[in-house]
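Structure in structure tokens, see below.
A, B, C and D are the chain letters, set down in written order, and residue numbers restart from 1 in every chain.
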């Protein structure tokens, strides 16, 4: 089977290619780009010598046709037009935000403009979602922060152990902000510094978290989300707390998480007493997870670490694509990371 | 006036000396150390050439006597014995935890062993505390995390705008963990990684935060605190949220913070729309602060950045010492930081 | 075929395991350790969940017997005793320094104590060395710095284009200094800082560089080597210059490098105008290489980037092991890296 | 006396202001900028709250007139026009390259366009230069790399201990590349990576190094210079080697360096066995220096650490300005740095 990558010169595109290069069932086809079209991949992804000479084509339906799967790693708002020109014989997996939200009002409120629609949501770990993805021809890959927060708290909500008052504070590496040059993302600005941004419900990933957790909880979940930029290239560490239901015990909480994760290939509940570090998951499709009950504060506290580019974007995309293509879900996806 | 520093070879001791070197009213006297005694300061603090040849003495009352102020930057549990041998003619400022907590049970629960007592708490920004410090002969310098969380939320609690359900998630640079060699603090382990630790109410700074905020609120405040280690040497960024009281508006919230900070020399409420970065405060005694009301989540979200070694330890210590010595509070304390 | 790893809890051991986990012809057998024996690998290498439950055995010949290949990642001086107890039916690949140097006097001068002997040197790119390795039963893996400097300059010396006056200045990530806790390697010390060490010919890798380049040049090569510690976990960037022979042209130089590298699976001569970054090779067994003639200074300047743990240690070890085991040299070794 | 800063929104401008804020004899006057004119300094230098409300004016002679000293921190090529409109009653200190080189051909070769002229060179440590600067009305501040390399090797050349064959390899923090957004300077690109650039004599600072060392040596010195970008915001660590003259001893070398540095306020020859780290000089105007003779390689190896923004730019500028204004050379310049 053949895979095309649109947006191959960016960070998400580069990570897709890194993973596809060792994927046993997917062959790399067309690579496309925007302003970088006409150049070679080697100019943009010098860590991928195997593809150094591949010429980047313009991102057109022409170039992307004839593949079994097309991965879109485009700026927000660009996916709908391209996808519309690709028939249902092509699986389209969108790493952008365009098709993630169910509610058009939420889309307009957070992204502006008109809602393009809703595609099957590419988080197989959500209850029931794996089956949905097996027959999908279109997949909306979750945002990196929503991936982390949803994986951290869905076991508590699915088991009815948490009240719908959630606080998520997550630190992300800078690659989550993309490759476009901005003063605030210069190395001189970000090294040695942690900063907050999009505070107070302003970040676009907030409604996506609320949507996911509300579905699992079966009632509206309020989410206070604060993202931080941390001085590292990759990784998200999300601290996610929810009010505990009355009478909750540490044992019951832990059992719920053990049950929810034990058959999941990429969810790793750490041994008790060990807390996640992004270093556990760099380059891997694994989410490292730990949970505890803070009895005095009356809160469930779950912490999750993922690589924002792997499980948070490109790895998650391939995981869903594997399902939709009838392949083994784990195919081509590293469980083990790179450390130190 | 003469100042001695006990624990001069560690990070807190080094920062005390950096600040004292430019303090116009305090002259540096004896420097003492534990295992490093007998060597010169230059071996441990090579960034302070002005003191490179000063010999480190053993940490004894003998060496520390005869100074107007003694700063203790010792491991927890060591301060009481030394302080007991220094008369009231000497101001003793303890950067350790020994005398921070009011409640002996909380001490035993979090630190183990017997409670040494309670000293005036060195956070002049707390309502009424500045006056207490003006006549103090003993000062307990706050922990670095409690400094950040208290400064972030005291205006909301003092103005009755927040309910006593608090979630604090704070990222700290590695200097907060001290200079003793541990595998988990090696550069190879911490660079490129954010990790959580002391989760679920286990961190020793949790009761100190609750103590401070409860006093301001006039009723018990529950605190869920999660610390994170971030790949930088210095700085704390704390995201602190509390349930908003019904009917709270953004305007009222902002006015309360403006009122609480406008006469404070080291609290800097940022212009609206600007969120704190630790880069704003590196090497400065300033706390950079911002607050907003998340209406959907029903939460006050305050974010504060400090330098954990300056406002969070050594700068805070000197600020309190200035007050207790009858000096201007700001003396010798940098308002401006070092960036990028 | 089965592989054992002695020293599995350190950085070199961890990298060997990361690579072996995807090696198609080598199965992981016994894992041994020193002080960490008795615990599980998961406590030390949390990025390798696939082996999290494997128990670490004591490093004894008993534990290591019965494998086709044993990789030793032990402190210097420990390999000889173990290797002596393993028969010639077992390939032994030593990542330590014990068997790298030919000259016993040089060994004693730089390492102290008695010389254990000399094993076939595991750098297949050296002229003639690939053939030696195909029949080897013992392999001495090169040091990380000598790997970088030798790969940078052997094409110039092999082609007779450089005089034997060499200056090497190389920056290394901190993982090269190992996992033992030392104050100077704490994150607080190394982040935000570049420092020099082992200057003036004192570093133990100096005679190994001279040995390699002298063999290629056919005459003694003098090497001035200065290592630097850089604030990153992995990677070496080595700037290597040698006096140019009279009349040398840029074209001749480039042709020599193109010829020396074109059939090498892991040497990548970059396009003209592109200079190496360690980011090109993180996690890969690739050496990224560039060279130019500085006509005014009369010097050949070659710069090489490698991952010190991959091509510089564990990847290099597996590359040589592949040859000695009769496998394809590239088997199980990533050509592409992880970025950003 | 009043000081204006042109280019106040950049990194050099910000560092000038940080230092001027505590300078006892210089008051801050007009601040000007290019594209940022019209905004406040707080938007660009949030670490300097003391000047947060100051409005940035356009960079015109009008705005800069009437000051005792004008510091220019402008892009290359912009200084001549402005300086020409400021009379000799104003001391003009140019942090740019325009007036550093003596030789117009070298200017044209490395910078292109026409040579603007030559101003007194702002490195008081160069033999005789301090006296020149005392009467200067125009000062060309040295480049950051040439500052480091010249300070490292001038004692050897002044004492006739080195042959004119020099190799300089220097790692710089990213602030040296300025604040203009470029993809290659994004945090995601530079964190975790060391890279080489401007190799083979191509970097513009090469002729400036050769000019300085040739003057001291009294004969042409050939310089092979390789700069590297390191993952830190500030600091340069330069390894500088020169062929030793025959018969040179370690004692004679060390004595020459001791003599050359003992009366220098900002040159700090470290105790034997201690090698420089940029962490020793962050935020300080100090150059930390060490030297040794590599007898086997026949080379003098000197290593120097500076803060590229302080001694390498803004601190050096103020040091020269102090001399030209008849002030004490050390005034307002920190000897001690910020660490860790």
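Methods note: contacts are C-beta pairs under 8 Å (C-beta built on N, C-alpha and C of every residue); 3 or more make two chains touch, one makes a residue touch a chain.
Predicted model, so just to flag it, every value in this text is computed and none were measured.
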From subunit D, the most remote chain by mean C-alpha position: A
Which of A-C and A-B has more C-beta contact pairs: A-B
Repeat of the A-D interface, chosen from B-D, C-D or B-C (over half of contact pairs identical by residue number): B-C
Averaged-CA centre spacing for the pair subunit C and subunit A, given as whole angstrom: 36
CA centroid of subunit B to CA centroid of subunit C, Å: 45
Residues of subunit C engaged with two or more neighbouring chains: 11, 175, 188-189, 191-192, 231-234, 277, 279, 282, 340
Subunit B - residues contacting subunit D, complex: 11, 14, 18, 21-22, 42, 45-50, 175, 191-192, 233-234, 268, 270-271, 274, 277, 279-284, 286, 288, 334-340
Subunit D - residues contacting subunit C, complex: 167, 169, 171, 188-189, 191-197, 199-201, 222-224, 226, 228, 230-235, 237, 239, 241, 275-279, 282, 290, 292-299, 301, 303, 305, 340
In the complex with subunit D, residue positions of subunit A that touch it: 11, 173-175, 177, 179-183, 185-192, 231-233
